[in-house]
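What follows are several structures.
Look for chain A in each of the two complexes below; its partner is chain B in the first and chain C in the second.
Up next, the complex of A and B:
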């Protein structure tokens, strides 16, 4: 079920307020220390509509930093499942593209029940980017600034109104139930969207094609001295991994409350740490830093295209902001391109 | 004893199945053989592994050392090396252990029908190979000559001695080599690669199955390839840090492959570029 609608901006807060009655509403809010982050909305008027594109990704809502998987006790085991209904408002096109790829990663032959149950109960309302940040490069990857598909509901800011596009079955209900708020779009709405799209495209400062980089690596034109220079600048902070909307690695630990009662949980893990691959007998297959930095890049630039036909990068530019050593995806791609 | 909430039509890939420990056999000072109850309909191929799980300690990948067709139970050979294996070592007959699996691809023995087979094992690497060796010895007529080179640190750490004697009696040419020899033992000394050429099999057409420490795997694969064995016929099974076993947690990813789902069994052709732990 697809369809396009127009929503007068004056109706947005009413619509969101209604949606919040039926599910948790998550949106960009300013935290006490001044950062804008996605969090549970209490006052609709507090939503930061004009926030930059690079606020933390919605990854943690479908793949939490810490997720309890099983509760165990002497008597047995309970699988914990999160089936809270949620609407996440204000995510960007790049993040939506990342979610679409994560759906494929966590699905497939071995379906990750924890991820799927959270995902099934989450509806994303994404906002197309009229003002990309200087660090954004989604345009070169086809993951933004506007999406043609792969979203639930996409809004495009047209000044006094939004063009609302429904892109999935799940995305239809929130619009259908409040149909009286929405009008049918006319030619001028599409014209305005087209204009907004064009002007957004011209605002991108970074023009990066990862395909060239991939071809160079595959052709063996990038030797280890390059990766050595990259590794030299790596602080092993793991920031790139935690900020990346597509980094999916996790560690599993058992936490004991009492000797026979506790929780098995998973936590975000990062391949930048030496112990990530540590095996029995203290064998460290990725002891040298170069192996770890190279692994991160190869996983995103070679493995993902081979497996899913898409890069493991959506061009959100978060690693560019986070990396203290300036060895983020955009910088590396620029050097190799 | 396990219950799942909210298990409507999705199979839980991370939930271990609880099975009873039937028997625990001490093999060496730090290695025990666990015989586990085999659930109904549980079938595995030689070379596949399980995630063995103890609630409160964690999970580790362990190769199945028994053979589905020949054993009524599941056998795991566990060396005490870390927190989880220590917890497993505490288990006694009658206790429960969690298992998830069988996982991974397993060995392709049917590719070696009519051909000579060389097994090369180092240390506890004999455990995953034992599953395949018993599979092959059970239908020996389908294969050519069989040979084994098995290296161990010292005579006390040689595993499955009675079975090696049995395999020998069934026609296998087995060489056991140790690093340090004590006086009256019949084992050879030296590393496994020194004994490969002593085996009288056809290297040009034969197949080899290798398991052991990374360094050993690497040099054996290279040597066999130099001796004329086609790289597709040189097969190994790899070890890696794993948390999920189903291609999600990312720990075992190396050189474009997830060892858990793309492996753990690989041919020399597939991992020639893989640099084990020397280089990136």
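Up next, the complex of A and C:
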């Protein structure tokens, strides 16, 4: 169920308002203290369409920071379910690619029920990037600025109208229901999209090919002294992991409200922390900091390609902004390239 | 011959069931179980007999030696434990647990009749069917005897299918020896058992040293043809793996015929929480039982 449509810009707010009626609409909004974050929309006019690329990633909506798995009491166990329908609007291409890869991770082999039930009820409307930030490098990874596949609905800003591309079965419903708002695209629409794509691609300041880095590591040209120097600068704050749209590690804890009542929940965790792999009897497989920093980079640069054929990095540049030690993915890749 | 029932077909169908990768319904499910008995092995370790309450579920619970399960106590947490009972016992499992952390300390204080949840079985197993018709050599160090006991029980149950079965067990001191009450039973079942301790006390009469000492003795007693048709299972602290496996390798046991069981922290058992990975290999999915060849190719595994 794929198809391309054209939506007049004047109709966008009407379309979103209608979508909000049947599901929870989430979009980038300016919060009280001035930051732009993804949150539930109350007024359609408040949506920030020209937000920077590095707003917090949408992973918290499908893989929440604190997810309650079930409640238990003296009597028994209650499972919690998440069946709220959601539309997330205004996601960037890089985040959309991250979600597509997360689908493969959580949906593959052993399906993760909590993730899949949330993802099933979520539709992403991504906007192709026309204004990449200086920290962005998705162009070198094929995860942006324009996506060819792996999205639900992709909008391309063509000045007075949007080119609407439907890329999945789930994404078809919101368009089909309001078919009267959409026109069929002509040749000029595709030409305009092509031009917008080219002009967006020319705006990238960083050109990074992680494949070179991977080849170098595989060939053994990067020795431990390099990783030692990286580890020296690591503060173990975990910022890169929390901000990364692709980091999926979690911790499971039991939280007791009263002695016989409580919740089991899973929380985001960070492989940069020493206790991450701590086993019974204080055995630490990754005791030194260098092992933990190396593990993060190797997971993204080596293990992801091995498992999925794609890098565990989408080039969103969030770690570049977050990392206080300046040892983010882009910097490391530049050094090794 | 024609009117004989084809038992093999029935067995292979049952065996396929334990490959949980094709059977998604088994792992999502938490079985309600009860601690029916607690057997005190040493000061630190207890043997817990845990029974799945539902009789039908208990019968259908199939596992293989070397696999592990997740034991959960609501309000305390969940942790992985390798099963140390015979696979013939189905959902009437025994877990050998040492007091080491939050959950295990709590477990050491509970009494009979406590209700727990179990999920599983997870992970790979020792390929016992492949070992049929061969000698098996089981080398255990300390608590490493816990997962090996399942393989030993399998060997006891299917003694006719193996040539010679030998256990080499090393412990720190005589008071830390596990399953002391079973030694005579193993010996009576024609399973060679040699025990060695590192720090003997006054009453200890057996050999003193490390497991490698017994291995050397064994090498001098038995010829190369014996080791040519031998499978080895090694389980113990990571330091032990290297020494024992290298020694065995010198005796012409190929690396693919040596199996080790690794230990990592786990929270899910499904390859999602990312804690147990060694390189791109997840210990909970591709392990905990690896052949030594795989382990050698994993960086920083042991």
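By our rule, the second predicted complex is superposed on the first by the 337 of 337 C-alpha atoms of A that agree within 3 Å, B and C clash if a C-alpha of one lies under 4 Å from a C-alpha of the other, contacts with A are read in each partner's own complex, and residues count from 1 in each chain.
The definition used in the following text is that contacts are C-beta pairs under 8 Å (C-beta built on N, C-alpha and C of every residue); 3 or more make two chains touch, one makes a residue touch a chain.
On a predicted model such as this, the values are computed, not experimentally measured, just so you know.
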Clash-or-fit label for the pair chain B, chain C on chain A: clash
Touching partner for A:69 - first (chain B), second (chain C), both, neither: first
Contacts of A:291 with chain B and chain C, given as first, second, both or neither: both
Partner chain in contact with A:116 - chain B first, chain C second, else both or neither: first
Touching partner for A:83 - first (chain B), second (chain C), both, neither: first
Partner chain in contact with A:224 - chain B first, chain C second, else both or neither: first
Chain A: partner with more touched residues, chain B or chain C: B
Touching partner for A:281 - first (chain B), second (chain C), both, neither: both
Which superposed partner A:106 touches (first chain B, second chain C, both, neither): both
Overlapping contact positions on chain A, where the chain C interface meets the chain B interface: 72, 77, 105-106, 109-113, 248-254, 256, 260, 262, 264, 266, 269, 271, 276-281, 283, 285, 291, 298-299, 302-303, 306
Residues on chain A engaged by chain B in the complex (per definition of touch): 69-70, 72, 75-81, 83, 105-106, 109-114, 116-117, 224, 227, 248-254, 256, 259-260, 262, 264, 266, 269, 271, 276-281, 283-285, 287-288, 290-291, 294-295, 298-299, 302-303, 306
Interface residues, chain A side, partner chain C - complex: 72, 77, 105-106, 109-113, 248-254, 256, 260, 262, 264, 266, 269, 271, 276-281, 283, 285, 291, 298-299, 302-303, 306-307
Residues of chain C that touch chain A when the two form their complex: 21, 24, 27-28, 74-79, 98, 100-101, 104, 263-265, 267-268, 270-275, 277-280, 285, 300
Residues of chain B defined as touching chain A within the complex: 1-7, 10-15, 55-60, 79, 81-82, 85, 214, 239-241, 243-244, 246-256, 261, 276-277, 279-280
